[in-house]
Structure formats: structure tokens, C-alpha cells
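After the C-alpha cells below, expect a handful of questions from me.
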Amino acid sequence: VFSDGDVWPTFRVEEAWAEGLDAIALTDHVEYQPKKDHVSTDRNASYRLAVKRAEELGMLLVAGAELTRRMPPGHMNGLFLQDANALAVEDWKAAVAEVRRQGGLIMWNHPGWVGQQPDGIARWYDDHTALYEQGALWGIEVANQSEVYPEVIEWCRSKNLAMLGSSDTHQPITTENRIARHSHRTMTLVFARERSLAGLREALVQKRTVVYVGDQLIGAEEWLGQVFKRSVIFSPDTITARGRQSVNVSATNTSEIPFHLSLAAPDAVLHAPQRLTLLPGTTAVFQVRATADTLTVDAPVTLRWKVTNLITGKDRGLEFPLQLRAQLKPSR
Amino acid sequence: VFSDGDVWPTFRVEEAWAEGLDAIALTDHVEYQPKKDHVSTDRNASYRLAVKRAEELGMLLVAGAELTRRMPPGHMNGLFLQDANALAVEDWKAAVAEVRRQGGLIMWNHPGWVGQQPDGIARWYDDHTALYEQGALWGIEVANQSEVYPEVIEWCRSKNLAMLGSSDTHQPITTENRIARHSHRTMTLVFARERSLAGLREALVQKRTVVYVGDQLIGAEEWLGQVFKRSVIFSPDTITARGRQSVNVSATNTSEIPFHLSLAAPDAVLHAPQRLTLLPGTTAVFQVRATADTLTVDAPVTLRWKVTNLITGKDRGLEFPLQLRAQLKPSR
Amino acid sequence: VFSDGDVWPTFRVEEAWAEGLDAIALTDHVEYQPKKDHVSTDRNASYRLAVKRAEELGMLLVAGAELTRRMPPGHMNGLFLQDANALAVEDWKAAVAEVRRQGGLIMWNHPGWVGQQPDGIARWYDDHTALYEQGALWGIEVANQSEVYPEVIEWCRSKNLAMLGSSDTHQPITTENRIARHSHRTMTLVFARERSLAGLREALVQKRTVVYVGDQLIGAEEWLGQVFKRSVIFSPDTITARGRQSVNVSATNTSEIPFHLSLAAPDAVLHAPQRLTLLPGTTAVFQVRATADTLTVDAPVTLRWKVTNLITGKDRGLEFPLQLRAQLKPSR
Amino acid sequence: VFSDGDVWPTFRVEEAWAEGLDAIALTDHVEYQPKKDHVSTDRNASYRLAVKRAEELGMLLVAGAELTRRMPPGHMNGLFLQDANALAVEDWKAAVAEVRRQGGLIMWNHPGWVGQQPDGIARWYDDHTALYEQGALWGIEVANQSEVYPEVIEWCRSKNLAMLGSSDTHQPITTENRIARHSHRTMTLVFARERSLAGLREALVQKRTVVYVGDQLIGAEEWLGQVFKRSVIFSPDTITARGRQSVNVSATNTSEIPFHLSLAAPDAVLHAPQRLTLLPGTTAVFQVRATADTLTVDAPVTLRWKVTNLITGKDRGLEFPLQLRAQLKPSR
């Protein structure tokens, strides 16, 4: 409620904790305070009120604020701030400088937001080049609420910026999820070495992030590949395909995320299903069989899958080579 | 947030509308304003902010306030107020007088609340006798959140006071329902002649109410009997029970409330199940058969059910005589 | 289990009853009996076993059988049969003649089934022309399980054949729904004048049917228009749009089916949302406003919606003109 | 369908696999074959048909049969059989002898089944003493479907018999779970050293079992204690309670089973909640505080919980001492 939200800051911490999150940032607007007739305009109030509750629940709480400017440069968050009131200055460049003076990180929010880009397409302006070249821009939202900006994935890859996803929530998150018909808020998975604000910050600065929006995970191959490998167990790893007989392979998805696989290229020797969906917490069994009465004993074969909801670039899914050791025999 | 809640008043209207309610009251505490360092203390603010949203959504919004006093007399709501600020006076009797001067109704909230009655038992004090005798007390909460006060049902019956149930919600209602593991908030069903504030008030003044808490409906036989009769369709109404053969009777519950039936007294002629649960939106089929090879042609028979979750008094469920026209014949 | 299913026939009746259906047909394969080493080959057994349970539960049970032939003519059901064993003859034309001799109806099943049409496209053969011209063909499946055949909608419209949809279930329906991720089986809604086998047959013969598959209803404008009109209540029907002010209109969907609306043509005078989803059992509120500071008092206006999941032809949704009486006034 | 069930045996394997089970037994009645007019009476057919599907899916399938006799001795399963047809003999003692001759295990089914014990109370007869004394009785059902027999827990403890729980399912399990309003079938958890029929049998013979029925787990302290300890993580294990300040302790339940805790005895030094429910897959936070301004540095303290739904005997829940290292200090 300290800018344009509908809930008290302690509630933000409680609902995030109840959802199982480890960390959130509070980022009330610096320049937009539509409730100021009834609510204090102290831009540090929301963080100060919430941080006690966060400590009780063991949540990591990041002090932030949203610079709310026309496009360009659009809206930007400062994270890991000391004093959000100091950002309330006329010139946005001065506000950015103040964030950096406080040791904060600058992220560019929802670059394709329809409120500022009616066609939903993110555009890069000279102001962003300037920010980037002076080393002020740390990351960009690839996803905000249910919006996804595919162009941003490529920007982040080519410029080595952090890929970020945010809920940008104003109402209780259950209300927003219901309206968007989402099962979870849009969020950033951060691969931290320790569960502390320092650990969180180190991983963010190093850009070890993946964006989780709807059923999609968006990020670098490096991280998505590990997510997939540690989520899905294939068994057995040795296939005995006797002629045209089929062999059952099971894939157990231990994660809470569905994975949609499609066969990138048909294998010369093995036949497997073209498409496969691995639902969360379930095991799928699929059939593999030799495509011909090939006689090859104990050959390594590879099924070249693409995981179409693990997004590594604009229109690009994670490639996953499933290596099996096949013992192929003609049937009789 | 204008007293000890966690959400902005417009959100209260929106979530109630989304839940399908027709009317709510906002009743911020008059004397308790723990957020006053950050939020306006104007006791009319929450109503004024919310009423525009209510009009847009077609919700009926009742202006109220909670007098927050020690027991006795405990907490009381004034409803249909003109100016909640005028209730902020030292003497609670003066506050009650002001509610009445404004044409408001006085209800006694959660008389067995563990915060004021650690054993959870509602107690009637001289102050309540005084209020009642001067005609100031209009109704009492039989249920508040998930607390139920069986004594209050009897008080309301014998003194002709309105039976009321309230959510007393502070957090988003979805959060409170989740914690209480409830599927709906505690509420008062009001049988109004027209869907308007005037219609609502008339029905409330006339005490045409039923309290809906958990799976229970609490109220007078008159209203509960109609709720049940209009919710459940029995078919057929003529039973042909040939000797010991059984006949299927179906009971379709068209409401959203489960009904738990138990046979109050065994019928001399017909045998029916001892217990029956009619789940919401479903049809249950049960078997009825003659208890003996009686020869009775075309006799009216009555199955004396008790609906154990339609509560008409302390430990008393609604009696429901199901009248069937039976054609009983010995089997050969 | 009497042909290639997995459950006993009485269970088919029970699960359909539990799902709230009024009628089902049992249509075991005539020519395909893979379990015959363990199960009786009497083609009337499944109906005879199930009909008693159907009577107890008040379900209408249609005696049927599936003629299981290569394409053309493919698989066909005979419904309302006297003796399914008599259909076990070598020549499929003789089997069809026998169905007609018994007074049965002939429907063509899953004309685009991938088992017989690998590309999933329904094709009309000379055999179907012959059947049609002799008046033997009564209806065709527009949908079977989760397959939909858009061509068939046009065939049924131009040839006046019944549009039909079937579950074609082999496992318990909950298993099939889970695998297909469906909330209900594919079925035919039949608009009968009375709830009896005779009433059902009369409505089927007269082709008063709509196919319900996934979130789609497929049928003639006549029936779909009535389904929509009786499912959705718009209110108010008079709009007072003062200049650029918006007015809220509510649409309450009392059915169990979501409706997806899109504005077919922009109205010259009123502005309304381009897309609107009316979820089952909920009310949606949308905003309407005058597009200009027009001064027109008390004009009838029409919002031309298309309901994109009420399918009246290949790629064609139901048109729904929402007529409102608008009182438009310039603001100020 | 080979005795009084409603589904084909392969479906039993598929639904159990879909539910995530590792092993099931098929135990058609030996003496009761109500569908014999239409279905083969070969008592080995169901196993033989199902075992291929089980192999494809990697399920362990136990060949069994149910001896279906009056009480005493009531119904008994033979498990790990070679030939179920050989059990179809007149004298039940001969049938038991044949099970043992085949190397099978004998369990006593539903000893308190209302079909044989109208009051639902399990009774031990001389026939059971005889079976037990000759070493023929291996285990007893503590739970069958939704029935629980508390007496049997004590019998199993004192006589060292295996505690067993079974679904005894006849319809599809989803149907039975819906009717019983259960989220899972009643089952036996078996703590095996390897996932094979041999491993399963070894663990069963050694009675390393726990019965899972509704929200209850029933078994020996030894196994229930490990289930609880490996399911719930308490943190931190060191409490710094400064005077009357409270400290938050979190309990994360990583299992799919809720745990209901109640404080067995108040601790002299620490105050903790009387009751606590740990829902599946969630973290509960509860408050602990020193009961007095005790000055004790670094004392080990124990909260004596009882887990009321982990049942170790008739009316006896698992005791769980939570050991914390407390650093208690007076507050100034």
C-alpha cells in the first residue's frame, strides 16, 4: 500500500513464505504514490515494517525501489539499497547514480510492457546503451507477470546481462494467480552457494539465474541443462532391443515442472516417440525399438531430444541428448 | 489497513465479489489503530474508498465500525452508520447511543472469543441485559471465523435477536480460508425481498438470517426448513415395495452445502439407511424396503430424518419428515 | 470386457450415472473379441447384464453394437438393436441391412481415426454415398474421444445428418480423462421432449443434438444459440454511457462450460473488450463506453460477439449479437 | 472380473502403477465366482494375463488367491502361489495345507468385516490358535479398505505376526477412493532391501511392514519412528530463548502424509504449542519460549511429542522426543 499495491508489506513476506520462496524484494514506486492522502510517503517504510517478519520466518528480504520513468529508459528497480528516499530526485540519471552510490544493482523492468510499448515488443534505446556502457545495467526482465519478452533473452545472452523474472504483484498473489490462471508467480531461480543475503547477492551478480514463468524456464544452457538432468531420471540406461520388439524406458520427473520433449532428429537405429510430456512428480513410460533388424552388439546410441519449454534463446529449446547403451539383436 | 487488517479496502470489495457475495460490511476498529504511524486515522476512509468500487461491481456495501471494549460488553459492531468518527468517545455507552442516533444497528461480536473468554464460552453480563432491555441490541454473532458459540443460538431464540455470522477477516480471505482449511468464509445468509441496501436492512431488522459456518447452517427452523426443502429433490414420491424387495429413492442436492441426515426414529413399516450424506451438486440413491411382508395398499409413510448440520438450537438438528406414498405388497 | 474394454458392463452404467449422464449406449465390437478365450462371445451379454443396473439407477441404456470393418466403410454403430448376435455376418452390407430390419439407427464412427486415416482427415467414400442415398446413414461422429473432425461438421450440415460425439471408452472413464487431461468425456447433448428411451430416440432421429468435446460445443446455430442464451445472463440491458465514461456490464455464466467471446466487428458507437472469457459458474464484468462524445438519446446498439468455442461449421463460431439499449450523453 | 471384481486384471496393474505403487497382489476368490456364466473359472487366469503388463511397467506382481470361508476361520489370502486352482478343495484346512505346500504365505483378511462380524469387532477363534500354533499364520489385516481393527494391532504385537493393510478393491480404485472420500488406497508399506519379488518376500516374511490407511500409519515403533524421523526436519536445533521472548522453530514435512502432534507432557523449562499439524510438503513454524526467567546456559531440553496418527498400539501414538539444545537467558 505504500505505492500502488493492495496489501501491507508484512503480508508480502508471509505469502511468499507460504508459497515456499526463499527470498523476495520489496520495490515500491519511488515517484508514484497514489495512496499518499491516506498512507505515509516514507519510501523506506515498507522494507522496515517487513524485515522483522522476514527474520521471524527465515525469509531473505531485499530492500528495493522502482524508478518509474517514461520510456526510455522505462521502469527500473534498484536492489540492495540503503535508503530509498534518496532516489526521489528529478533526473533519472541522478537516481541511477544514487543507486550505484549505495552499492545497489540496477535492473530494467518489463521492457515490452504494453503500458509503454502497446505492441508488447521490447525495444532497446540509446539510454540503455549508455547505461550498459557505463556498467550500470546489471539485468533485464525476460518475464514480468505473464508477459514474456523473447528479444530480451538474446540481449542478455549477447551482452552478458542477468535474465530476471518478477511477479510485479500488487494484489495478493493468490488473486493474481487466479486471474492469470497461473499455478505460481513468475520468479527468478537463483543458484546461490549459501542461503544468505550475501550468498543471494553473489549469485545474482554472477548471473546464475533462470526465469520461471508459466510452464517455461528461461536461461542459459548451462543452468537449464543441470535443472533437467537433476529433475529427470531415465531408466534403464541399457536397452536390449531384439529386432522389432519394443523396450520400455521410464522417465521419472521428480520436479514440480512439466517437461515437454520433442525428438530433434530421428535416430538411425532407434525409434522413439516424437513427442513426450513428463508431468511433475510422475513417471512416463515410452517405447523404444530398433528401426531395422540391425545386428549391432552393445552400441552406444543417442536420442536427440529438445525440451521445448526450457528456453535458451528466442524460439530455441534446450537440446538434450539421451545416451543409451543399446544391445540390438535381430529377432531370430 | 485502516485498523489492524492487511489489505486496502477496495480489495475487500473485490475479493467478496469474486467469491460471489452480494453484500459486505467494513467495520474497522474505532479505538484500535495499530498502523496509525503510517496510515490515516480517519474512521470513514475505508468505507469512502471502497464504496466506489462496490458500485462498479454491483456489491452492496454497509458502512460499519467496531466498538472495541473490554468484556463486558466486549466488541460490538455498529452497522449502517453515517459517521464512524463520531463513535470515538470515551464511554462505550455514549458510543452505542451515537450508533443509535445515526440510525445504526448494534450487534455483539464473538461473545466467546478466546481473547476475552479463554475457555471459549460465551457469557451474558448485566451490561447486555441493559442493552437488550433498552432495545439497543439487535443481534449476536453465533459464529465468528471458525468459532461457534452454541449458547448464543439459545439466547437469540429466546430473546428474538438476529443470529449472525462473520468472517472478521484481516488478511486476504483466501489466506484465512487456507489456514482454517475452510472452503468459504463464515457469513450470514439474509433472506431479502429485494437486492438493495434498503432490502438488506429490512431483512436484517426482521431477523430473516441464517449463519453459514464450515458445513453448518445455524438458524430458525422456519428458514432452515426452506433451505433444505428447496435444495434437495427426492424422487420418486411413490414407493412400491413388494415384500422384502428394495426400492431405490434418489435425493438430488442442488445446493453447494452437504447435508448429513440421520434417521430420527425407525419407521414401523419402511426400512431406510440410518445415515445418509448428500454431497453438493450430486444425487445419492438409497434403498427403502418394507420391514415385513405387510399388506398395505397405498399408505402414506414418513421417514423421520434429522439433518444434523442444520442447527436449530444447542445440540439440535433440523427435523425433516420425508413423506412418501408407499404401495406395499407382500412378495408372492 | 465382452470385446476390447477393461470393465464389466454394470460398471459402465454406474460411472456414467456418477458423472451425471442421463443415457449411454453399450456398443461392443461385433467382429473383434480379443478376450474370447476367457469371456463369453454372446454379443447381447453386455446389454443384458447392464440393463438391470440401469433401471435401478434410472439411467437410459441403449442396446448397440459396433460393426468393425476396414475403411471404407470403416466402423459403424447400430443403436436401438433387438439382437446384436444377428449382426455377425460376413458381408457388412448384410449387417447394415440387419440393423435396419431391427429398427436400429446407423452411425459412422470416427471417420478420421488415425488407425484408419493416418493423417487424421475424414474422407467420404462411394460406400458412404450409397449408404446415404438409400437412407441408411443417420449420423456421423464429429468427435470421438479427443479427436475432432471439422470436415464432418460440413457433411452433416449439407446432408442433414446427426452430429454425434462419443467417448468410445475402453478403460474406466476417469483413467481416460486423466490421460487425455480432460475434465469430462466426449458426449452428445440430446434435446429430448421427455426423459425416456422413446423421447431420446425421437430427439436423435430428429437430429436435435450438440456435440460436447473438450471446451467445445459443436452443432447447428439453432441449438448452440439457445444453449448460449440460456447459459449467460447479461445485465443491465440498458447502458447509460456519459461521454467517455465507462459503464460496467456483467455477464453471468450459469453453465459448466466456459465461453470464449471475441468481438466480430467494432461497433461504431460503443467500445467493448476485444476478447472475453466467461468461466463456468462465474460472473465477468466488462467495461463499455461510447467511442465519441456522441449525443444520442436512448438508441438501441448491438455488440457483435463471436463465441469461438461454439462451433457451427469448419472454422466458424456462433455469432451472438448482444443488444443493449444505450443512453449516450456527452460528458459535460 | 474373474471372481467378483469389475475390471480386467491388466487394468489392476496399470492403475496401481499410475498410483505409484511398486507391487500388488491379485487375489481372486477361490470359491466365489459369481460371473462364471460369462467368464472363465480358471483361477490362474488373472495372474497370467496381468503378469506380462506388470513386467512391461516394472511392477512386482504377486500371485495370490482368497480362501473364502465362513467365520471361523473367515477369509484368508494365500500369497506367492504356484497354482491357485489347487486350492479349490472342500476342506479349508486342506486348502491352507496346499498354500503351504506351494511355499505360500497365509494372511487372515478383514477379521472384523461387518459381513462376518456385524459389530465390526475382530474376534480370535480356536481355529486361529490352531493355525498360529502350527506356524501357518503369517499376518493379519489391521486395515481393509477404510475399516481399521485396533484389536489386531495388539494381536500382531504379542504374537509377532505381520501387520497388513489392503485395498481389497473390486471397482476401479478411483471409484472406491471417491466413494470412501479417500485420497489413496489402503496399503502396506514394506521395507525391502531390494526392489524384486525376492526382496519383497524377504521383507514380508521378516514383518518389516507398516499399514497406511487414511491419514494413519500403523506399525511397530521401530518402523514408525524411522518414517517420522526421515520425513520431518526440525530447525534450528539450538534455541536461544531470552527470558520470555519466543523463538521460532520450523518443522518441514517432506512426506505425503500429514502428522498430528500433541505435547505428551509439558516441559518444565520450555513452552511449546499443545497441538501441531504438519501438512504434507509444507513447513510449519511454531514458537518456543522459556516458561520462566530461568538462568541456565546451554541446557539440553526435550519436547515430548506424541504423533497421534502414527499408531503403535490400540489407542497409542508414537512418542517422539524432540531434543533441542537451549541457551536460556533472563531478559535483562
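First chain written, first letter: the chains are A, B, C and D, and each begins at residue 1.
We adopt the following convention: a contact is a pair of C-beta atoms (placed from the backbone, for glycine too) under 8 Å apart; a residue touches a chain by one contact, two chains touch by 3 or more.
Quick caveat, the model's predicted, so the values are computed rather than measured.
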{"item": "Most widely separated chain from subunit A, with each centre as the mean of CA atoms", "value": "B"}
{"item": "Inter-chain centre distance, subunit A versus subunit D - centres from mean C-alpha coordinates, in Å", "value": "41"}
{"item": "Chain centre separation in whole Å, for subunit D relative to subunit C (CA means)", "value": "45"}
{"item": "Pairs of chains, among all present, that meet the touch criterion", "value": "A-B, A-D, B-C, C-D"}
{"item": "Residues of subunit C touching subunit B in the complex", "value": "20, 56-58, 248, 250, 283, 285"}
{"item": "Residues on subunit C engaged by subunit D in the complex (per definition of touch)", "value": "1-2, 5-8, 10-11, 14-15, 18, 35, 37-40, 42, 45, 49, 171-172, 174-175, 178"}
